[in-house]
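See structure below.
Letters A, B, C and D name the chains as they come in the text, with residue numbers starting at 1 for each one.
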Amino acid sequence: MDAIRTIPATHYLNNGHGLASWLLTKDHKRIAIMYLVTISFFFFLGGLMAAGIRLELATPQGDFVAADTYNKMFTLHGVIMVFFFLIPSIPAVLGNFLIPPMIGARDLAFPRINLLSYYLYLVGGMFTLGAMLSGGVDTGWTFYTPYSAAASNTSVIPTALGVFIAGFSSILTGLNFIVTIHRMRAPGMTWFRLPLFVWAHYATSLIQVLGTPVIAITIVMLGVERAFGFGIFDPARGGDPVLFQHLFWFYSHPAVYIMILPALGVMSELIANFSKKKIFGYSFVAFSSLAIAVFGFIVWAHHMFVSGISVYAAMVFSFLSFSVAIPSAVKVFNWTATLYKGAISFETPMLYAYGFMGLFAIGGLTGLFLATLGTDIHMHDTYFVVAHFHYIMVGGAIMGYLGGLHFWWPKMTGRMYSEFLSRISAILVFVGFNLTFFPQFIVGYLGMPRRYHAYPDEFQVLNVLSSAGASVLGLGYLLPVIYFVYSLKRGEVAGPNPWGASGLEWEIPSPPPTENFAVIPRVTTEPYEFTPHVARERELV
Amino acid sequence: MLHILGRRALSVGRLTALSATMQLRHGLLAMSGHVTSLKVYIGIFLTLMFLTGVTVAVAYVNLGQLNKVVALGIATFKASLVVWYFMHVKYQSRLTKLVVVSGFFFLAILLGLTMVDYGSREWVNPPASLQ
Amino acid sequence: MSVFGIPIFPEQASSFAKDVDALYFFIVAVSAFFALLVAVLVVVFGVKFRRKHAGEVGARIEGNLPMELAWSVIPAVIAMVMFGWGASLFYHLRRPPAESMNIYAVGKQWMWKFQHLEGQREINELHVPTGRPIKVTVASEDVLHSLYFPAFRTKIDAIPGRYTQLWFEATKPGTYHMFCAEYCGTNHSGMIGSVTVMEPAAYQNWLAGAEGGTMAERGAALFSQLACNTCHLETGQGRGPSLKDIYLKPVELADGSTVTADEAYLRESILNSQAKIVKGFQPLMPTFQGLISEEGLVSLIEHIRSLSPNASAPGAPAAAGAAGAASPTGATNQTPGTVR
Amino acid sequence: MHAHAAHHPALQHQFQTMSQQKESAVLGMWAFLLTEVLFFGGLFMAYMLYRTWYHDAFVLASTSITIFWGLLNTVVLIGSSLTMALAVRSAQINQRKATVMWLIATMVLGTVFLGVKVIEYADKFEHHHVPGPEYAFIEPGHEPIFELGPHGRELLERNSAESLNRTTQIFFSLYFTMTGLHALHMIIGIGLMCVITWMAWKGRFSSEYYTPVEMSGLYWHFVDIVWIFLFPLLYLIDRS
């Protein structure tokens, strides 16, 4: 068995040397690696802001940093984490790397556009970093008018421009995926033979293509209002600030699904592969991704129940919001059913998958409180909301991202990381996460509003718990950097398929050659076919 | 949706076969594309010019609320002509047609659902029928 | 409510706090049931179906349509229960009873200013009696704010350029938090205040300490100070329409449409006087946009309201229409003014 | 590579056949145009809301715009759509010189359109119809500088100059944002076409491979469609 565990002589990593061979590459795998490095940088930057926030909130007085600094920290935390980490994370890294090999293609349909979208992302990030260095921005990641258009005297326009540019990166990535999935599938790779990861990315791409332009134009309107004194949202000129919120959330609610849908796709892969079993109700899971993407567009005003929208509109949107709950629930139930009579093993990616199931379930269920009108009036803009969306985005999206990264790391690098350390890290992340965010549900229902620099004394104990949890969580996130980097040189050689997983990407060498497939494969089987001789177990340390 | 899901679960085989046919079709479809005759192009151009004239003329006639309906109706018809002939959608795959339609579908969601809010803002008291 | 001295549940100090909490606990129960169900199954399967030896694979199970339908339909039904319950509660929360007592709130960076009809003015503090529904009309002088009373389980955004409102009936004397829940700039968290709920008698005593007359009196003073009284004669013979007994009455406009003279209409007519011209009058009134503060504005409105002694207190969310879309009659009017 | 596919020099490595490559490009372009629809959609949303709210102001502001220039530009732009379509057609049937000629004609018409836009913008700057600190739609007590429509007088009398100045500003904010973004799209389109024309001149296209011409055509027609809507919405509100 050791015979097959070798690193091929040429692969995408050593095919071309020097900086230019990376910076000008059109290889989707190299672009994915560049994204990986860049988004990791933004993740730790955003994490640094989070650390500052939790440090400040350890005491009720607001004595660690000034109010302005605090406001800038949570704004940058939000902007960076949402637009420069979560939205690109799984699609741009894992999706970019895996979609072509998963469907049996040599590359994405538009490799040059893929590179362009990386640079748009980078330029957008630079604008935002520039805004941060030139004094920061304090509007909150939501940029609500009229504060952002008229009152704030910080670098709103550079930041918004950064988001605008990064938005086009997101659009082009989505566009590339849509075309690739439609037009580049290998012979025999029918829609219902696609891995669910690909379905999830297809649904995500639809949102990126349809939703992102709306926030782009909203930013343009905000920009001309702020820069030239045009009146569009400004109440002083007869504009309606609530219109901004409608347009903003038309994108930003579906954007939540840009962050979570790919993670749901990763989950399906992990659960199938670590229980060595076909996903229960494949087509339900596949269509639920599409349903989430489409329904995601008709629920946005549930962010606005106390924003002064009409009573009747609130009812319509509350009703529609529940429609998204159903396909999400279907997915969780189907994964659970997949485990039944599986052959389950608990390597690190599966630990993340288990963690994800718990956290995503809590995150999703707490969403019910916010879709329900009677309770949302009380909970809106409190820490309950903060806890809820962190359960979805950190508990869901980042757990999915890390789980996926651990699963496909051997494919990307050809080497294994330390199973021991990675398990420790997965456990730390799970425990730290719950310690950080569960108390926020309680403090939220007590009434602590979000974006508060100082708060009443009686909320302190829960906030201290949360801050303590954040330090555990931070540790959990730092560990992978160490063992991943270490594995690059010293890691055990993985071989093409260390997990005995199914899927075309596991049939090519690790790391794959630049062209992925020497001969385009012909697909004849359903996805997630595990037969005893295919399932090669890697002995664990 | 559920209906479709149900059928799908019942007949995996049939739909798989269907997708295979679609694969096949995509290989054959639309190689060098349809060459539209000059006559059609000129005809469409003249129609567009004529409709532009109509839309300006109608603006000078008082039709009340109908004015904007007519103006937008003509604009939509003109746009459809451009999409259908100049942009060759007539000769494109069903997928392309679906893409075109979905653009306007999602635009309708944006405009329609936002106007649900603005349209009911002044319903200070619920309409008599609801009371 | 607290455990080991750590508060874990907010006080219930309004008439509908219990209702909100009941719905909350219902959703908690549903969520806990499903979360535990999934957690237990996942753990049990994880233990029971652990891979025994390398090369073992799971059983071949494609799916099961009745099960899929069951776990799509059952959650859908439960969700509809939540929606219906939540929506009816929301409807109650958003519609002040007709006999509500009025209080005006103005949010500005970074404080809440309240005015009672009897003349009391407060900053970041609010005194209210128990046992009476209280309607708070909320305005903003600059950016978005949100008036939030956790103990009453209600909040509403303050939006520049229009009025919004919330109501509650306090049930339990005591002092509770009042927050700004919508981010509004540097000292957002400095907009923490308190609401003091008092027995009605104590509240009357407290009101007696008012200085400078009632709100309506202040409004009347402003009315003559701004020379409104030179045109708006009570006889109706002045250059402007009489304001007597107009509150909540229909007003016929120059373009033939009709509006109700509620707070939103009065506000608009003061700030942006030519937006809706009353039938039979010339558009002569100056615009008071920028010349009058939100607080002065609510005093003026209160004064006008006091000229209509027979009008009942508004029972409907009048303010909701302040920045509304075209009026149902299809009128072609300018909408609302704003203060800057 | 598949053996049966004639290896066209323009076939990129990730594709198996020319038809796959072309189908991908078409789908990609349409997906991009989908994005554009929603991009302008946000502006149409704002327009729709404020037109309902501020009907009088929108009517007056629209009457202040000269129909002639808008009409001229509509004719020019639809004409350019025709020449663009003919350029694609020429490329399809291997007429290199005709392709170049029609492309140049399209660019010329596009430039004419932008020139007219410059005239219109300059006019608005001169009359302080550009939103911002200098903005003044109507000087209080003065006659408007533009010709009033049939109901103009009535609208003017039932609204004060101050309120009109406030609310027409929203119209002009949307006018400039919409036409400005549209013009930006045209500039990008003309830039794109310069490259395509050069490629066509060099003989890069044939009936086998003319995808870039077709793609820029799709883009150009889309820009035309946006204008087909902008023209009645901005220029033709209630002239009766």
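The rule is short, and it goes like this: contacts are C-beta pairs under 8 Å (C-beta built on N, C-alpha and C of every residue); 3 or more make two chains touch, one makes a residue touch a chain.
Note that the structure is predicted; figures quoted are calculated from it, not measured.
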Can you tell me which chain is nearest the middle of the complex, judged by mean CA position? A
Please work out which of A-B and A-C is bridged by more C-beta pairs in contact, and write that pair. A-C
Determine the centre-to-centre distance between chain A and chain B, using the mean Cα coordinates as centres, and give it in whole Å. 33
Interchain centroid distance [CA atoms averaged], chain A/chain D, Å: 36
Where the centres are mean C-alpha positions, what is the separation of chain B from chain D, in Å? 19
Check: chain C positions touching at least 2 other chains come out as 62-63, 68, 72, 317, 320, 323, 325, 334-335
Residues of chain A that touch at least two other chains are 182-183, 210, 214, 238, 240, 242-243, 246-247, 250, 281, 283-284, 310-311
At least two other chains touched by the same residue of chain B: list those residues. 5, 9, 12, 26, 95, 102, 106, 110, 114-115, 118, 121, 123
In their shared complex, at which residues does chain D touch chain A? 2, 12-16, 20, 23-24, 27-28, 31-32, 34-43, 45-46, 49-50, 53-54, 131-133, 166-167, 169-170, 173-174, 176-177, 181
In the complex, chain A touches chain D at residues 100, 105-111, 113, 171, 175-176, 178-180, 182-184, 209-214, 216-218, 220-221, 224-225, 228-232, 237-240, 243, 246-247, 250, 515, 520
If we count contacts the way the header does, which residues on chain C are in touch with chain A in the complex? 5-10, 19-20, 23-24, 27, 30-31, 34-35, 38-39, 41-42, 45-46, 49-52, 54-64, 67-68, 71-72, 75-76, 79-80, 82-83, 85-91, 93-95, 109, 142-144, 146, 148, 150-151, 153-157, 159-162, 164, 177, 179-190, 192, 317, 320, 323, 334-336, 338, 340
Chain B touches which residues of chain A in the complex? 182-183, 185, 187-188, 190-193, 210, 214, 242-243, 246-247, 250, 281, 283-284, 287, 291, 297-298, 300-301, 309-313, 316-317
Of all residues in chain C, which touch chain D in the complex? 254-255, 272-275, 277, 283, 287, 289, 325-326, 332-335, 337
